[in-house]
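Before anything else, here is the set of structures, which you'll find just below.
There are two complexes below, and they share chain A, which is joined by chain B in the first and by chain C in the second.
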Partner chain A sequence: MGRLLNTILIGVSGGSIYSLMALALVLVWRSTRVVNFAQAGQAILSTYIGYVVITHTDNYWIAFPVALVAGALAGALIDILMVRTLMKRAHSGPVAGIAPVIATLGLLGLIRAVVGMIWGGDLRQFKLPVSNHGFTFGHNTIPFAPINLLIVVTTVVVMLIFSLIFQRTNLGLSLRASAYQPEIARLAGIRVDLTRTIGWAFAGAAGAVAGMLVTPTNYLSPNSLDLLLVSGFVAAVIGGLESLVGAAVGGLILGISLALVLEYVSSSLAFPVAFVVLIAVLLFKPSGLIGAKRTRHA
Partner chain B sequence: MSGLVISQLNISHGAIRAVNDLSFTVQPGQLAAVIGSNGAGKTTLLRTLSGLKSAHSGSVEWNGESILRKKPEDLVRSGIVHVSDGKSVIPELTVKENLALGGIWRKDKKDVALATEEAIDLFPRLGERLQQSADTLSGGERQMLAIGRALIARPKLLLLDEPSLGLAPLVIDQIFQAIKSLRDRHNLTVVLVEQNAMGALRIADIGIIINLGKLVASGPAHELIDNPSLRAAYLGY
Partner chain C sequence: MRNLLGHSSRRFKAAITFPLIGVALFLISNRVDELRVYQGANVAVYVVAIISIILLTGYSGQISLGHGALMAVGAYAAVLSQVYWHLPVILTFVVAVLAAAGFGAILGTAAGRLTGPYLAGTTLALAVGLPSLANQFGFLGGEQGLNYDVGLPPAWLGADFTQYKWFFWISALAALIVTWISFNLLGSHYGRNWRALRSNPTAAALMGIHVGRSKVLAFTVSSGLAGLAGALLAMTISLVTPSAFPTSLSFSIVTGAVLAGVTLLTGSIVGAVVLVAIPEITGALAAHLGGSEKVTSNLPGLLTSVLLIVAVLLFPNGPQAIMKRTRKSSQ
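This part shows the complex of A and B:
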């Protein structure tokens, strides 16, 4: 029983990171209908910027907001400089839907190359912001450590902030209206282009948080977040690609399943399991577990 | 010159000329019904007036200022509000959120609250359904919501695209009466695009009949209603 609980706790911690990455992908998907492969690149760039701040200040808590702002700026710039132009130029024909997606894939390679040129390909490590030694209860030490608690709490806070913005503010209403019905949003006076850019900035910030949280228990290299991109996609699709709650739930389902397989079956199965979960969801519930309702338009 | 002045307007849909050399004027405070069958160019005309579509040539002035080549989000800020066809509401949002969209860009939040109350007074059904998803509304209620949202922007020129489409006769009557009372109360200028010629001309001051993008006839609404040749050819009764 203790073993199961411990495994689930570790799964929740890992799943939180997937949720954040899924959130980033969902935010971009909702605002511009683009599957953003560059998200891993944006996150790695932000995390390297965080790394530079840590090496200069020796303080994770200064690096964290810097990385977050860098992520938001990178996201906004990518939308303004690349995605917006592509969507306006290639608005019809077979290339229209796919052009921005392919462009993000190319951008991922570009960002990784630039990061490699600046910082080299060596594996680097962060100073841990809090301990990674498991909590101790009496004589028992569990695998769940303060760093895991930090990951879970930060994720919950980020998710809460985003859901408050989306549900309670005019900005959130603009973001939702622009995502669902851009034309009606424009007719209501919303500046949809600007709103989309804000969506990209939010996504960039969420991706940066994921990078800053996962790296302390891992290592940093130009492609150390690639696997996280895959997990984030799986989590986002499990959650239906449309909803914030879906991203959170998808990340947790994936995180806990992976932790259970790692603990009870074999560590070499982790990657295949992610795909088994994904394919199972796509086969039996193609719109995702929390997919958007299909509404009929009269 | 004040009011809405459209002169020699040409609008293309790819290779097709959807609106052809169209000219007419709507005086401030007038309710103009633009009548025509499917494909006459009515919707294209409205989409151009609200900035969603660009014109090929010609000019459109509102109170002396050219409004062609302006973006819809800017035109809304100068009082030109378009209720597009297809019961223009966002079904994923609640009724309250759909209404809130109408005033989202406005700074004067007190007046937004006041305008929201007025919209709910005009369509009490909306007030009973504020927390419901707009998806649950009937066609008539959706149209009320779309018009209600437009009113919260405090329009000066209201562009309505086929508000009667797909509605039951009783509901159509209700919507038309609401449009008329709005015009009377707020001194709105209204361009009402309709296939329901009789219903629209009854509440309108002037009528503009178009066919295949060209002007067929225009004049005081009651004269158009009484014109036997127009009746047979375009008004369908």
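This part shows the complex of A and C:
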């Protein structure tokens, strides 16, 4: 029983990070109808910036907000410089449907190359902000450590902030309106371009948080977040790609099921399991567990 | 069968054109140095890979970011059939095509119901995860990989016929055959169905085209070609390892296809030449500018990505769309 509970706790901690990545993908998807594969690049760039701040100040808690702001700025910049042009130009012709996806792919390669040029390909490590030795109860030490608690708490806080913004502010209302019906939102006086930029900035910030949280227990390299991108995508699809709650739930489902498989079956099965989950969801519940019916049409 | 071979005038033209190209390639390969011959082999490999994307994306409107993984499937199938079944080389290529096509058929059945972002993400997941699986199963050789040996060139070609030239011959012949088959396939009713599907799936369905089946077929054919490209790639490096099929390989092929103008079969040669030329150009650039190892090793990736972004932003429908427009406006 204890083993099961411990596994689930570890799964929740891993799943939280997937949720954040999924949230980043969902935010962009809602505002632009593009799955932003460059998200892994934006997150890695922000995390490297956080890494530089850590090496200079020796303080994770200064680096964290810096990385977050850097992520938001990068997201906004990408929208202004690239996505706007793309939205104007690529609207007809055989490749129009896939042009945005290909552009984000190019961007991923570009950011990765630039990061590699600045910091090289060596694996780097963060100093842990809090301990990674499990909590001790009496004589028992469990695998769940302060660092995992930090991950879960930060994710919950970020999720709460986003849901407050989306449900309680005018900005959230216009974000939801432009995601739902851009033309009508524009007629209602919402500056759709601007809200889209804000959506990209939010997504960049969420991705940066995911990068800053996953890296302390891992290592940092120009493509160390590729698997996180894939997990985030799987989580987003489980949640229906459309809903913020879905992203959170999808991340937790994926995190817990991966942790269970790793603990009880085999540690080499992480990727096949994630892939099978993805295919199964797409085959049997294509709109996601939480998503709306119409999400299928890109 | 008639449909597959196309109309008789087309067949006649093809019957002349393709052997002519073959002879030209043969003459060229005798005149240039070893490095160029090797690069020629790489171009041929990329031509096959890019055609597999053109069939899929340019004609049936599906996208795949995971063709590098399908290439890996083909390469591993080829090498395993050689190591464990001792098949002759030519049959290992057949095995590569069949294995990748089978894998693609399964994937396509799941993916045939998917549209843009879902398909892109699923295939990306494949590209990121699949090659690393080889590290977890002993019989796949782990990080060191497995040796893939197509053998020395036959003796009757002469003593000064080099190994690289032999690679070039095999891959150029494969590229020619693939191009020829694709031309005929796209001219047949399958090609028409795919084009109809890409322009308007609903209208295509109303015309009696089985949308799902057509898409799965496109995915299967494309995967088989990717598998062949994978086996050819493995041949040129005589080795099959997970690191020969990185995520960036999938991205490169897509870049090549976009530069080729995703609907233009003959453009594949342009895309392939650009892909092979990029490391050469960046190498020369780095030698000229100096710069540290960090910079030089990332230059090819940078150039590829910039080309991809610029191509998508400036001519989302391929370079030939621009040419068509200028031709129209000049009239």
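The rule is short, and it goes like this: the second predicted complex is superposed on the first by the 292 of 298 C-alpha atoms of A that agree within 3 Å, B and C clash if a C-alpha of one lies under 4 Å from a C-alpha of the other, contacts with A are read in each partner's own complex, and residues count from 1 in each chain.
Just so it is clear, a residue touches a chain if its C-beta (ideal position, glycine included) is under 8 Å from a C-beta of that chain, and two chains touch if they have at least 3 such contacts.
What you see is a predicted model; the values in this text were computed from it and never measured.
Asks: Could you tell me if A:A185 is touching chain B, chain C, both of them or neither one (first, second, both, neither)?
Replies: Only chain B is touched by A:A185; chain C is not.
Asks: Quick check on the superposed pair: does A:L81 touch chain B, chain C, both, or neither? Answer first, second, both or neither.
Replies: neither
Asks: In the overlaid three-chain picture, which partner chain does A:S174 touch, first (chain B) or second (chain C), both, or neither?
Replies: The answer is first: A:S174 touches chain B but not chain C.
Asks: Just checking: does A:P286 make contact with chain B only, chain C only, both, or neither of them? Give me first, second, both or neither.
Replies: In the superposed model, A:P286 contacts chain C only, not chain B.
Asks: Is the number of chain A residues in contact higher for chain B or for chain C?
Replies: Comparing touch counts on chain A for chain B and chain C gives C.
Asks: With the two complexes superposed on chain A, say which partner A:L5 touches: chain B (first), chain C (second), both, or neither.
Replies: After superposing on A, A:L5 lies clear of both chain B and chain C.
Asks: Counting contacts the way the document defines them, which residues of chain A are shared by the two interfaces, the one with chain B and the one with chain C?
Replies: In chain A, positions 297-298 sit in both the chain B and chain C interfaces.
Asks: For a test of understanding, state which residues of chain A touch chain C in their complex under the given definition.
Replies: 29, 33-35, 37, 82, 85-86, 89-90, 93-99, 101-103, 105-110, 112-114, 116-121, 223, 226-227, 229-230, 233-234, 237, 241, 268, 271-272, 274-275, 278-279, 282-283, 286, 296-298
Asks: What residues on chain A touch chain B, complex-wise?
Replies: 170, 173-174, 176-177, 180-181, 183-192, 292-293, 295, 297-298
Asks: Considering only the defined contacts, which chain C positions touch chain A in the complex?
Replies: Going by the criterion above, the answer is residues 57-58, 61, 63, 65, 110, 113-118, 120-122, 124-126, 128-130, 132-133, 136, 198-199, 247-248, 251, 254-255, 258, 262-263, 293-295, 297-299, 301-302, 304-306, 308-309, 312-313, 316-318, 321.
Asks: Of all residues in chain B, which touch chain A in the complex?
Replies: Of all residues in chain B, those touching chain A are 50, 52, 71-73, 76-77, 81-84, 86-93, 97, 100-102, 104-105, 135, 139, 142, 149, 153, 166.
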